[in-house]
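You will see two complexes here that share chain A, one where it goes with chain B and one where it goes with chain C.
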Partner chain A sequence: MTASHIPVAATRPWGRVRRGQSRKRVFGTVGFHLSSSVISLLWFAPILLVVVTSFRSFNDIALNGISSLPHSFTFATYAQAWKLGGLAQALTNSMIVTIPTVLLSLFLAAAAAFGLSRYRIPFRRTILLIMLAGNLLPVQTILIPIARITQDLNIFDTLGALVAVQTAFGLGFYTFVLYGFMRSIPTELQDAASIDGASPVRIFLQIVLPLTRPALSALGALSFTWIFNDLLWSITLIQTSSKLPTTAAVLSLQGEYVSSWSVIAAGTVIAAIPSAIVFFIFQKSFVGGLALGSVK
Partner chain B sequence: MFVLVLVPFVIEAVGVFWPAIQGVMLSVLNWNGIAPAKAVGLGNYVSLASDPIFITALKNTAIWIVLFGGLSFVGGLGIALLFQSERRGVGIYRTALFLPIVFSLVVTALIWDTFFQPTGILNGLLNAVGLHSWTHEWLADPSTALYAIIVAALWREIGYVMVLFIAGLKALDPAIAEAAKMDGCTRWQQFRYITFPQLRSVNLVILSVLVIDSLRSFDIVWAMTAGGPFNSTQLLSTYMYSTAFQGRQLGYASAIAVVIFVLALGVIITYLVRALSEEKES
Partner chain C sequence: MTRKSQHWLAVTGLALAATVALAGCVSTGGAGSSAAVTKDAAGPLVLQSRFTGAEKSGLEAVIKAFDKKGEGKVQLNSLPTTTFDTQLPSYLTSKNPPDVYTWYAGQATRDFADQGLLLNLSDVWKKSLGNYSSALKTLSSTSSGEQVFVPSDYYWWGVYYSKSEFKKLGITPPKTWNDFLTDSAKIKAQGVTPITMGLSDNSWLAAAWFDYLDLRINGAKYHLALLAGKHSYDSAPVRKVFAAMKQILPDLSPSILGTSYNQSISDLSTGNAAMYLAGAFIETAVPTAERKDLGFFQFPIIDPSVPVSEEAPTDGFMVSAKTTRPTLAKEFLEFAASAKGQSLLLNGEDGISLAVNPSATQTMDALSTQGKNMLQSASQVTQFFNRDAGDAQQTPADTALTQFIAEPNNLDAILKAWQASAVKLRAGS
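Up next, the complex of A and B:
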C-alpha cells in the first residue's frame, strides 16, 4: 500500500499544503471537542439532574418545583428510600437472584459451548441455532405459560422461580457467544491432555474454561446488569412486595411516594449504583461484550 | 461429553420452547385461569381485528419501530462516525454516551419522568426562554406521551447502537478509505460510496436488533405511563401484559403474544441466517 502513495504525494507542493492542513487540523480538533462535549453533556445532564434532585427536601420541591435551583440539601431522602421504601430488602433480593443466575447460566452455557465446539456432535450447528433462536424469542410469548408452570410447581412468588426462568432464557445467547470464542482456542493443548488420559470433563474444567476467561468476564458483566435490571419477570412471578427485586421495588416506590420526587430520585440512584459499579470495574470487557454477539 | 450439551439444551427446551408451544395452544382458548377453559378456535384472533385498543397498540408499535428504531440507527451511526477514531478525550465522550446502557429501563423511565413533569426541567427551560405557550403536561397528554417516552428510550439506545457501529467501523480495512482520500473523495462521498456500503452486514444486524428490541419494549412504557393516558401509549407488549395479568383474559392475551411473535419471526430468521453464514466462514 505504501508504494502506491509515493507518486501521488510527490506531485504536491508540500510546504503550502502542510501549513494549510495544520490550520485546518486545529480547527477540526476544536470543532470535534466542542461538538463532542456538547453531546456528552447533553447525555450526562439527565443523570446529574436526578442526583441533584435526590438531595433536595420535599418542601423545597413542593415550593419551587423540580426545575428550580436547589434550595436545600438532605440525606433524609436516602434514609427514607432505603428503610421505609424497602430498598435495603430489595437489593438483597436482587443479589439472591442475580449472582446465582449469572454463575449458573454461564457455567451451563460454557459446558454446552465446550461440547459443541470441541467434539463432533451430530447436528451441532442446528442445536446451536435452535438455542440462539430461543433467546431471540419475544419474552411475551412465554410469559403466561411460565406463570402457570411455576404455579403448578409451587414455586410461584419465590426468588428461585426467577433464577430458574432467567437461567433458561439466557442460555442460548451465552452458548452462542462462548461457542464462537472456544472455537478460536487452539486444539493442541486439548489433544495433549486427552493423550495423557484426561477426561472431557477435566479438559473442560482445567484447560478450556480458564482460557475462556475474557469472554466469561464480558458476558458475566453484561448478564449481571441484564438480570439485575429486569422488570418483566419480577412483576409477573413475584406477588409479595417484600420479595420484589430492586428494579420492580423502585417502580412501586413511585406508587407509594407520589410526587415525593426527591425520594423517588434517591431510590433511582440507589437502583442504578450496583450496575454502575459492575460497569466501571469491567468497563473494557463490558463494551467488548456488547459488540460480541451482534457484530463479530 | 454429550451430557455437557444435553443438560443445558434440555433446560432451555423445558424453560423456553415448551412454554412457547403452550403459549400458542393457549391462544385458541377462552380462559380466565380459574374457570374451565373453552376452545374458541381462531375466535381470539377474529376479536383482535376489531378491538380498537389492539389497533391502537399495533399502530403505536409501528410508530415505535420507525421512530425509536430509525432514530437510534441514524443517531448511533452519526455519533459512531464522530467518535470512531482513537484520539485524545474520545474515551470520556464514549463513556458519557453509553453510560445509560447500564441503567435499567425503569431507572431511565424515572429519570425522564422528572424531566417531563409539569414543573420539570423541560417546562422550566421553555419558560426560561419565553416559550410559555409550548409548556405541556407531556406525559399526561395523549398527543405527546408516546413521543416523550420515545425520547427517553432513545437516550438509552443510541449509546448501544454507537458501540455496535464503532465495532463495525473498526473492522473495516482502513486502506480502502485511505485510497479514496488519495483519489480526492470528499468526506460525504467517502461515507456514501465507501464506508456505508461496507457496513452492509453490520447494518442488517443492527436493524434486526432494533426491531427485536422495539417489539420487546415494555419496561419503559410500563414505568412511565403503563399504556395510558387513554391507551395512547399502549404497545402490543403492554397491552398483552395488562390483558393477561390485570384483565385475566389469558387466551386473548396469548393471541396478542402470538402476533408479537409472528412480527418478530422475519427478523429472527434474518438474524439466524447471518449467524449461520458467519459460523460457516470461521
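Up next, the complex of A and C:
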C-alpha cells in the first residue's frame, strides 16, 4: 500500500484541477497510516508490557507496582524462570506432543479430504459436516468424559493421550479446509494420472499432496500454535509435573500467595518463542492461508 | 422405503453398534481395578502438591531426607495452585489417583472425607502424633471422630503496617476497634489511604475482614456455626458484622476493587497505604529491604466480653482412599510430622509459617515469635473462610463482600443472594 499511494501523492504537482481529489487522497493515506499505527500499537502494547516486565527485578515491581516505569534491568528473571519452571523439560514435552500431532493430524486430514473431495463417496457432505460439527462443540463440556475414557484406556497421564486427543480434535477443521482446497485442483490432472496407471495412493502422495502444499503449510503453522499454546487439555490429562508442557509450566511459576510477575513474564516470553519462530518461518503461507477456502 | 433412507438406517445402525462396542470396552476396562489392597504396590509414592516455585523448597527437603531413609521413594508433583485446586476432585475420583495430597485442614478436607475419598489416618495419629495439640486433632477429624488429615504447619493473620510509616504518621498500633477507627481517620487526614487490599485479582482477601469482624463481634462459636450452614447470612448478627465493615469503607481507596495484589503491596511498601489485614505470606511479597520495617498488630478488639479468637490456617496432607501404597504413605506422613521432618519443612518456608509439632526446632524471627504468641494466647483458632466453610463457599462470599464494598446501601439484597447461593451449593455437594 505504501508503495502505490505515497509516491503518487508526493511526486504529482498540486495541479489546480486535481487539487481537491489529491488532497482527499493524501488525507486518506495519512488517516489510514495514522489509524493503523495506533491500532497496531494498541495490539502490541500488552506484548511490550510483558517483555519490559520480564527484565525488571522482584524488588522493583514489589515497590513501584507493575504499571510503573521500570527502575531496574536484569536477566536473572530468565534464569529463574528457566530453573523454577523446569522449562527445559517442559519445552521438550511440548515438542514431543506438538510435532507428532501436527504431522499426524495433517496427514490424516489430507487423506480424508482427498477421499471426500476427489471420489464420489456416498454421504460425503454429511461426513464432512459431522466432522466439522465435532469442532463446534465447546471443549469444556467433554473434558471430564475424555479424562475418564483416557483413564479407562490406561493412557491417562501420558503424552500419548495428549497427542491422540489433539489429533482427534484438529481433524474436523483441517479436513474441512483441505477439502475446499483440494476441490479446486483440476480433475484433469488426476484423470491423466489414472490413465497412466497410477493408483489412488500414488495420486494422493505424488500429485494432490504436493499441490496442496500452500494449504498444508498454513494449517501446519496454525495448528502448531494451537497445540503448543493449549493449556486446558494438558492440565486435564496430565497429573505428573515432569510431564507438563510449557504453558502449564509457566502457570506453575505463579505461587499460592506470592508471585514474582517478572519471573512469570520471563517464562511467558520463553514460552512464546517457539510459536513465534514457526510463525515467522511460515508467515507467507500463513497470511496466504487466511484466504483459504474463501474463493471457490 | 427409499434407497436413501435405507442407507441412513444402515449407517445409523453401524454407528450405534460401534458406540455400544466401544462403551463395552471402556466399562470392562474399568471393572478390574477394585481389588482389595493388602500390600503396597511397587513404585514411588506419588505426592501431589500445590506448592510451586520457591514455595516448594521445604517439601523437597523433607522428601529428600525421607528418600535417604530407604523405606521407599516419593515422587513430588508440584502443580500450579489454581490447577491443583480445581483438579483435586478429579484426582481423588480418578481410577489411579495420586497417593498423598497437600491440602487445607478443616471443612475443606471433611468435604472429601464425607464422600469416602480419604484414607483413615487414625493409626498415624495414635502412633506418632501423640504430642500434637487436641485442637489440631479435632481439626483433622471427621464428624465420626476418625482422623483423615496430618497437619504440617500453620500461619497467623494480622494487620500489617510499616513501622517507619507509622512513626511518621504518629500512630501506635491500636488495640481496640474505636482506637483503630480514630487512627484510620488520623491517617486519612494526612493524605494516606488507611487500609488497602488487592481485591481485583484476590477478592478472597475481603473475607479476612468478614472473618475477623465476625470473630470479634459474634465469637468463634457463632462464626463456625454460621460457616457450617447452621445460621443464615441474612440475619441480625451478620448485619452487625456488615455495620462494622461499613465503618471502614471510607478508609479504603475508592479504587479498591480495581487494585491488584501487586499494586496493594507496592502501596504498602511506598507508604501510599498504611495498613493491610493479611496472612504471614505478605512478608515475602514486599521488597526485601522493606521486610525488616514490616510489623503487624492483632486485629483490634471490638467487644471485650467476646473471647479472643484468631485465624490460624493450617496446611497439611491427606491420602486418597484408593491409594495402592497405604503403608508407605503412612510412613511418609509420620516422617513429615516428626520433629525432624517438621524442622526441614519449616526452615524451607522462609519464616512465614509455624511448625505444628511442639518439639520441632525452627528458626524464629521477631514476627513469627509474635505470631506464635498471639495464636497461643487465643481462646480458640479458626482456619479461614474457605477452609471452615468448604472451598466452594468462598465464591458467594467474595461476591457478597465485593458487592457490599461497591454498593453498601444494597445490603438486604446482597445478604439474601449470599444465603441463597450458600444453601444451593450445600444442597449440590
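Throughout what follows, the second predicted complex is superposed on the first by the 268 of 296 C-alpha atoms of A that agree within 3 Å, B and C clash if a C-alpha of one lies under 4 Å from a C-alpha of the other, contacts with A are read in each partner's own complex, and residues count from 1 in each chain.
Everything that follows uses one rule, which is that contacts are C-beta pairs under 8 Å (C-beta built on N, C-alpha and C of every residue); 3 or more make two chains touch, one makes a residue touch a chain.
Note that the coordinates shown come from a computational prediction; the quantities given were computed from them, not determined experimentally.
**Q** What does the overlay on chain A give for chain B and chain C, a clash or a fit?
**A** clash
**Q** Which holds for A:103: it touches chain B only (first), chain C only (second), both, or neither?
**A** Neither partner.
**Q** May I ask you to decide whether A:149 touches chain B, chain C, both, or neither, giving the answer as first, second, both or neither?
**A** The answer is both, since A:149 touches chain B and chain C.
**Q** Classify the contacts of A:134 with the two partner chains as first (chain B alone), second (chain C alone), both, or neither.
**A** first
**Q** Quick check on the superposed pair: does A:48 touch chain B, chain C, both, or neither? Answer first, second, both or neither.
**A** A:48 contacts neither chain B nor chain C.
**Q** Look at A:261 in the shared chain and tell me whether it touches chain B only, chain C only, both, or neither; answer first, second, both or neither.
**A** Both: A:261 reaches chain B and chain C.
**Q** Applying the document's definition of touch, where does A:26 land relative to chain B and chain C: first, second, both, or neither?
**A** neither
**Q** Considering only touches as defined above, state whether A:111 meets chain B (first), chain C (second), both or neither.
**A** first
**Q** With the two complexes superposed on chain A, say which partner A:79 touches: chain B (first), chain C (second), both, or neither.
**A** In the superposed model, A:79 contacts neither chain B nor chain C.
**Q** Of chain B and chain C, which one touches more of chain A's residues?
**A** Comparing chain B with chain C, the partner touching more chain A residues is B.
**Q** Using the touch definition from the top, say if A:236 reaches chain B (first), chain C (second), both or neither.
**A** Both: A:236 reaches chain B and chain C.
**Q** Which parts of chain A are in contact with chain B and also with chain C?
**A** 65-68, 144, 147, 149, 236, 248, 251, 254, 261
**Q** Give the list of chain B residues in touch with chain A in this complex.
**A** 1-2, 4-5, 7-9, 11-12, 14-20, 22-23, 26, 33, 79, 82-83, 87, 89-90, 92-93, 95-107, 110-115, 117, 119-121, 123-125, 155, 159-160, 163-164, 166-168, 171, 175, 178-179, 182, 202, 205-206, 209, 212, 215-216, 218-219, 222-223, 236-237, 240-241, 244-245, 250, 253-254, 256-258, 260-261, 264, 268, 271-272, 275-276, 278-279, 282
**Q** Give the list of chain A residues in touch with chain C in this complex.
**A** 58-59, 61-68, 84-85, 122-123, 144, 147, 149, 151-154, 156, 235-236, 239-242, 244, 248, 251-258, 260-261, 263
**Q** Under the stated contact criterion, what part of chain C meets chain A in this complex?
**A** 7, 11, 26-27, 29-30, 46, 48, 50-55, 75-83, 87, 90-91, 94-96, 98, 260, 262-263, 265-267, 269-270, 279, 281-282, 284-290
**Q** So in the complex, which bits of chain A are touching chain B?
**A** 1, 4-5, 8, 32-33, 35-37, 39-41, 43-44, 46-47, 49-50, 53, 65-68, 108-109, 111-112, 114-116, 118-119, 121, 124-125, 127-129, 131-149, 164-165, 167-169, 171-172, 175-176, 180, 183-184, 200-201, 204, 225, 228-232, 236, 247-248, 250-251, 254, 261, 264-265, 267-268, 271-272, 275-276, 278-279, 283, 286-287, 290-291, 294-296
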